[in-house]
Each structure stands twice: as structure tokens, then as C-alpha cells.
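Chain nomenclature is as follows: A, B, C and D, assigned in order of appearance, with residue numbering initiated at 1 for each chain independently.
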Amino acid sequence: MADPRLLVATLARLLEGCRTVAVGALSPIPGAAALLARELAGGALHVTVLGSRKTNDFTDGGRELFDRAGQGRIDAFFLGGGEIDGQGNVNLVGTGGDYPAHDVRFPGTFGAAFMGFAVPRVILFREDHSRRVLVPRVAFISVPGTSPPGVWRRGGTVALVTGRCVFAFDRAKARFALASVHPGETRASVRANTGFDYDEPNELPETPPPTDAMKTLLDGPVARVIAETYPRFAAAVLGTGASNRRVN
Amino acid sequence: MAAIDESVEDLVARIPDGALIAIPPDYAGVSMAATRALVRRGTRGLGLLAVPTSGLQADLLIGAGLITRLEAAAITLGEYGQAPCFTRALRQGRFAMRDSTCPAIHAGLQAAEKGVPFMPLRGLIGTDVLAHRPDWATIGSPFDPADPIVVVPALRPDVALFHAALADRSGNVWIGRRRELATMAHAAATSLVTVESLDAGDLLDDPVMAAGTLPALYVGAVAVAPKGAWPLGFEDAYGMDHDHLADYVRLSATEEGFARYLDAHVLGARAA
Amino acid sequence: MAAIDESVEDLVARIPDGALIAIPPDYAGVSMAATRALVRRGTRGLGLLAVPTSGLQADLLIGAGLITRLEAAAITLGEYGQAPCFTRALRQGRFAMRDSTCPAIHAGLQAAEKGVPFMPLRGLIGTDVLAHRPDWATIGSPFDPADPIVVVPALRPDVALFHAALADRSGNVWIGRRRELATMAHAAATSLVTVESLDAGDLLDDPVMAAGTLPALYVGAVAVAPKGAWPLGFEDAYGMDHDHLADYVRLSATEEGFARYLDAHVLGARAA
Amino acid sequence: MADPRLLVATLARLLEGCRTVAVGALSPIPGAAALLARELAGGALHVTVLGSRKTNDFTDGGRELFDRAGQGRIDAFFLGGGEIDGQGNVNLVGTGGDYPAHDVRFPGTFGAAFMGFAVPRVILFREDHSRRVLVPRVAFISVPGTSPPGVWRRGGTVALVTGRCVFAFDRAKARFALASVHPGETRASVRANTGFDYDEPNELPETPPPTDAMKTLLDGPVARVIAETYPRFAAAVLGTGASNRRVN
């Protein structure tokens, strides 16, 4: 498993320049990343964390997140994926067998079939980097990696962050390119665990660890705020003391 | 006229076999008290519309065999993982599944709320969500036919079923910022509501409370059910009963275990 | 980030020439303080979108020559009769008029709120309202082409301008049950708000206040303007200044009289 | 001028059997009629009076009235009319000259172009019964009297109540028929003051005055409730004391 603090820092770097970011439910690492990016931006990043009471300013019901995205008021959004393929397609529904009676059922598409179109900067995040997850072709397209010309889309996937590496996504080519590997990983280890083909650069950097400034923020304000929503995560990963409960 | 302060059993008796029921997500005011009463009553052939997702509530109703069709953007027990009865019944084809996406469910309810037959929605083009929805369509936008856009039909539930903090004796219900409950109620033919408690005054008299109040016009009946969302959490009033959820997941891994869960926590206790 | 506690003059300086401004009806939170400041500033070529009707506010802005286009379901001074400057300028063709109907304006704003290019709406077929709206269309309903239905395009104001009771120092604004203000704000690029007073706390911290709060994300700037709706009334805080309205109507019967009104009540007093 | 109490009673009778009625702004007589009908129905009529705080349960903003009508939750609605013609068309916009530069401008269509379709029982009410108002053909159609087959319409106009008489509207024929004349009016006086043609029955009843029970309700609960919104009307017309200010 990659160092979760490295993942938080990596996702936070991908939010640079955004004015607003929304984080879905059950997403402690993206949530912490958004809060870290807010600190790094001196507060000039508007963060909503679903499931939070305090980092959540919605007052128009469940539709407001999607309405805001439709208005162009959400610059960045994180998406997971039961399966992700080399064309950037994301499957949140199921795999094996025929829909709807898949052998393995995932929770469902949530808002992704809309958010993937309405949000300019979509960041895929899936810690489990294996051939089970990163497949040649998803069994069900919850969000397509790219859309034909003429289909309304404000942006879409810009990157895929896993427990092993960072991929950049090239929408024109509909193809990922390895951007950096996390400490301990290599070109070969990534290739061995990835079920789809992708490009590799000549120079392959290592994903940079959190800076000292980031670490201070993670253990201070980020930990304090994220603890409201993810107390066990904050305790286990950030600087709010020990916990023997599992990280959710 | 809303019927106020009836029993939870009487409340769910208003739901006929075959009704389409709209329910909120597990974190936003689920009436688990009414859900258990519904299982005890054994109402059959129900459709379930998750607004826009569900978890324990859908899983329990599916496991108990009440549901023949389900529309949802997702079904999950969150940190407790996949919904076991949902997953099992889906694989066995025991109900008709309509996968959706959150804003499509909101838009369909808003279409019903406004009395229009459909609502346009961005996104979706090129997804298998759309491919598996013969009831949706892609049209050229009326003001720019070269711009394709998806339209979804109005969603008109027979009943919106949910739990709220407070109702008054006229049947006005305080929902606070859970405005998806208002949309559900506007779209549904009627709303059946359990509440933590009754307010002696008139919620519409106070402009501050009125801002978060669903008018009684939409409400068919209200039953008082303290801790009515248990074992789910409810706003600031109480948190999720984590031990109970863990038990639920463990037992529901098999049909036999789920039957034991029902016996212990649903069928046994009339007041549970 | 919303700018908090700036002057009303600075607030209206944010409105560029040519902007489309959405305003509420006279009884629902009109910022007359900002309206007078706008007239003093002399911003030109403004479009006005009444949500869905207006009265004194539109009449004053039209009389002062700021408005080149107006969309409204009605313009009236209510018990004080026809809006004199509106009526005169319309007859003289001094601005482009788009007559609408209340739910079409709500639907157009909801289209913008949802980021869709249009919204369907029942009714309207066979009316001259529709006949005079080349920007609207009648289509066959996508799920029943034999069923004709009108579609209206999204309405995307540059600015929503209104008056509210309270804002906090983050720029959250309490609008209570005036939810059309939220829809306006969601649909508009930004909102400029005058308030009776500032709240020292955080409106979103209290679940009861939060239910009636517009989040700061939508708010560009807030100015404190006690009695900012005067001479109109504002919620329970103060009623309409009937003597002033009667004076307004009397003076505005002629262009010369209206000019005297402006001198006395708008242009003279910077703080008025 | 007709006795306003007679008009209130007449409009109230037209609401019999409704479950819900909505009354627009600046409509004291329809407002009082709705409240009287509620009393006559033992409370089993849901009344909203725009402009009222207490007889107004809207909490979803200005659109809720129209949304409710769209949902089929409003059974009856009152419409005025700058002009009304013999086909039941209503003009709320203007007359004389060409739109939009009419010689006489009315306030505008408000919600009528929708409500006239969505509400099953629309009651036209215009006190001023003259050839200026009741015209052969309106200059601008805010609401059409009838719609072709295939156009969605839940109902529409059922009656026109003026200061002189009650007309019933026959949607199949798109034509009014005189239903009763108010005390002091005759077939001839109505005909002389009506600019459109209409049918007349063989037996022409007089519009019945309020019953004693109605009068008691008007001077009691109806006056008390309507006074919140229309204090001068309540004082001048109903039983809440005298006033020398004009009735709005």
C-alpha cells in the first residue's frame, strides 16, 4: 500500500489553480487532498465534502451539487471506479456476466454520468492498482473517457492516481501516459499490474512526497477539519493521535 | 387533510400493493420504523425509487421480498460495503433494476413537480446507463438541433416515505435543508412521514421554521416514531448504530442469516 | 469570495453597462437602496429580468433611462395602478419588451440553474405571449410526439440583485422562504445583495437558519442597507410607505414630475 | 356597482366541490369568496391567498403556486381580464395599437398563460361589465378560451362573473351563456353592456343573494381572516367596522 499522505499530497497538487472542488462520500483521501489544497491556496479554494456538516454549504437539497456543476461552479471532482480502462472509461456498476445480473456488482454510477461531463477537471482515484481494476475494456461504461465532437462536455478526466503511480490522461488520444511512479514502484511493476496499454515518457520522475509545509498542514488544519467526517482516517493517517479502529 | 399522530402500522397500511415509493438516501431522513412496519405488513410488488441512492432501507425491503422494481443511482452500505440482499437478489433476477444517475432522478422528480412530461439533462451520452434505459431518449436540443441532449421522463411516485424531526398538528413537516424531501413530496401523489416528535405550534407561523417546512398539503399522514431512523443516524439527533450495522452485514451474508435478522429485529417486535 | 460590508455605491459599481439584472417582485426583497444607487451611477443599457414581475423598481429604472430591454410576466404598482414610466416608455418604444408568464421565467431560471439549454412548460399554446416570443419554440414531446409542448431557453442573468434580512461575515445570506431568490442566485453569474444587518455568527452553523440560507458561493458582494427596501415594504420588518408611493404615482404621471421625484429622492441624497 | 357581498357569495358558490383554490394578488372579492367557501365546506377546502402571510402555505418560492397547479393540486383559480371576448379569450396585456406599443397597457399576463391550462376550474371575474371590457375579440390573447384537441389542458374557464351577471362558459361551443342576472339588471341591460354575443336561457334566474348563514360567516371568520391581507376591504364591505379609505 502506498503512503496515504503521499496520495493526499499528489491529489492536492492536481487541484492547483482550481476555485472550487467537490468531494463525494466515503472519500477520506480526496477529502484530505481538497482541504490541503485549500490551505496551500490560502483559503482561495472552495471545498465541499459530502458527508460533512461543516465543510458542506449545500442548502438546496441533494440536487445542489449537480446543479452547481451544471452552472460551471465546480472546477474539480474526484471519481473512483470499480473498473477503469485504457480509454479512460469508468465502470461503477458491475462486471462479469450480463447487466444487470453481473457476477460482481458495484454500488452504482452515482452522479458520475453527469459530473464527468460537467466538471472540467475530473481526477480518477483508485488506490487498488491491479489488473482486476485497470482493465483493457470496462464491462459497463458509467462515464466515457472521451466524447465525440458535438457532445457537450466541459472537460473530463485529466489524471488517474493509484496506489502505484500517476497517469496523465490525453483526451485527444483517449489514452493514459505514465506521469510518475510512487516510491518503491518501477516502470515494470506498474506495467505488470496494469491491464491496459499506456504511454511511457523517456524520463520518469518519482511522485514527490509531501513537502515539510504540506506535512505541517496535514497534521494541523487538515487533520482537524477532516476528523469531523473521517475521524478514524484522521487518527490513523494524520496527526490526531492513534486509533485501533480500521480506516474507512 | 393530513392524518396526524396515527400509528406507524396505520401509516404503512396506506401503501397499497404495487405502489411506487420514493425514499431518501440512508443519511438524509430514512424512516426505518415505517420500513420495518412495511415488512411486517408484507405489502407486495412495490417499486422503490431511491432519491437518488439507498442502502440499508432498500436492502431490507429487497431481502424481505417486497420489491419488484428498483430505480437508483447507487445502492451501498457505505463503509459497510455492498448491500448483501440487493446484490444477491439482483444476481438472481428477483426484481427489475433501473440504474440511473443522481441528477437524472432529481430531474425526473422535478419534471413531476412542475407537471411536465420530461426534463433535459446534460451528460449521459455514450454511457451504458443511457444504453440500458429504453425509457430515456436523446434529442437534438430544440434551439440547436446539432446539440444532442438526453431527456428523462417525469418520475411520479405514489408515495414519498421519509423521517423528519418535527411535524405540527396541521401536518406541516420540518425538513430543514433536506430539500430533496420537498421535491420528493411535491412529485409524489402523497407523503407518509414519521417524525421524532410533534410540535404544539404552527411551523408556518414562525418565518425561520417556515423556511424549512414542507406544507401539510403534500402530506397524507404523520406518525410519531422516536428514533425512527434507527439503526441509521438522523441529523444531529443520533448517530448510526455501528454495532447493529455490522451485525446486519454479517447476518445478511446468507439468506438464512437475513431471515434470522428479520426475526430478531423486524418481525418480532411490533414496536421496533 | 464574497466582499462583505461594502458600500451600496461600491456594490452597484460591480454592475457593468449592458448587464442583465434579475430582480424579485416588489413584495419579495427588492433592494431599492441599490436601485437608487444604480440610478445615481447612471449605468446604461441594462437588461431587466423581473422574477417574475416587478413594479416600482422597474418603473424607476425605466424612467431614469437605464433599461434597454425588459422581460417580465407583469409590471404593476398593485393598488397604485399602472407603472407610469414603464407604460410611457413602452408606448414610446424606448426599450425592447418581452412579455412572459410567471412559470416561464421560473422555468428559464431553473434551466440555467441546472445547466441545461431549455426547459419544457405546459400551457401557452394558442396565446399571443407565445406568438410574440421568437426565442421560444413548440415541439412534440419526446415521449409522445403527438403531444405539443412549449420549450423556453435558459435565462442566465449576469447579476441577481436583491435585499435580504441578514448576511453573515462569510457572505451567506438568509432568505427564509423566499426561495425564488435562491433560484435567481443559482441561475445568475453572481448575486449582489443588500441586507438589513450583518449577523456575527455563521448562518450555516445553525440547522434552522441554514434551511433558509443562500450559501456565499453564489454571492459577489453584500452591503448593509437598513430599510433598504424602502419605500417598499420588507417582510415583517416594515410596511410599504403608502404616502411615498402615492407621491411617486402622482409625480411620475409626467416626465417632468418624474424628474422632480428623482431630484428629491434619488439623485439628491447619496445615502438615500 | 353590484353589492360586493353578492359577488363574494356568487364566486363562493362556484367553488363548491373543490379541494383547493388559489387566489392571486390584489383580489379581495375572490379572496373573501375562497374563505367563505372554506367555511361552507367545514374547512375541507385548502385556500391560498397571494399577498397573505397566514392564508399562504408556500415555502418553495414563487414557483410553488405554478408547480402545484402543474401537479394537479389546484382545483380552482380566479382570473381577471383587461379584455374578455365571447370565445372566452382573456387579454391581460394591452389594447389599441400594435403590441408591444399598445395605447392602453395592462400589467401583463402574470401566470395566466399557464394557470388557464393547468387548473380544471378557472373562474373569470371582472366587476366592470362594459363594452370596453367585454369585447367581440381581444387585442391580445393571454389565455385562449379553448384549445384544439391534443393540446394539454386540464380544464379551463367555467364561468365569468361580472358586476351585472353570471355567464356560464361552454367549452365545446366556445361561447358564453347568461346564467343569472344580479338584482337590478335585466336581459336588456346585460345585452346593452356586452360587446360580444352570447346565449340566453328561456328562464333567467336572478343571482341569489348571500344566505343568512353566508352573511354570518362573511361578517365573522371570513372578515377576520381577509382583514390580514385586505384590511380596508374587510372594513368597508364586511363586518369589521367602518373606514373612509378606498377599497383596494
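A few comments on the model shown:
Just so we're on the same page, contacts are C-beta pairs under 8 Å (C-beta built on N, C-alpha and C of every residue); 3 or more make two chains touch, one makes a residue touch a chain.
Since the model is a prediction, treat every value here as computed from it, not as a measurement.
Separation of chain A from chain C in touch steps, taking the shortest path, is 1. Contact with chain A and chain D alike is made by B, C.
A count of contacting C-beta pairs for B-D and for A-B identifies A-B as the more extensively joined pair. With centres taken as mean Cα positions, chain D sits 40 Å from chain B.
Inter-chain centre distance (chain C to chain D, centres taken as mean C-alpha positions): 28 Å. Annotation: 36 Å between the Cα-based centres of chain B and chain C. Shared interface positions of chain A, i.e. residues touching 2 or more other chains, are given as 58-60, 63, 66-67, 70, 118. In chain B, the residues that reach two or more other chains under the touch definition are 103, 110, 114-116, 121-122, 147, 149, 177, 182, 210-212, 236.
An unclassified topology is adopted by the chain contact network, corresponding to no line, ring, star or complete arrangement. Pairwise, the chains that make contact are A-B, A-C, B-C, B-D, C-D. Interface residues of chain B, counted against chain A in their complex, comprise 25, 27-28, 51-53, 72-76, 78-79, 82-83, 86-87, 90-93, 97, 99-104, 106, 110, 121-132, 146-149, 177-183, 236. Those residues of chain A that touch chain C in the shared complex are 20, 44, 46, 57-60, 63, 66-73, 118.
On the chain C side of its complex with chain A, the touching residues are 1, 112-116, 172, 182, 186-187, 204, 210-217. By the touch criterion given at the top, residues 25-26, 51, 53, 58-63, 66-67, 70, 92-93, 97, 99-103, 105-118, 140-144, 147-148, 150-152, 248 of chain D touch chain C in their complex.
If you check the complex, the residues on chain C that touch chain B are 103, 107, 110, 114-122, 135, 137, 139, 141-144, 147, 149, 151, 153, 175-177, 207-212, 235-236.
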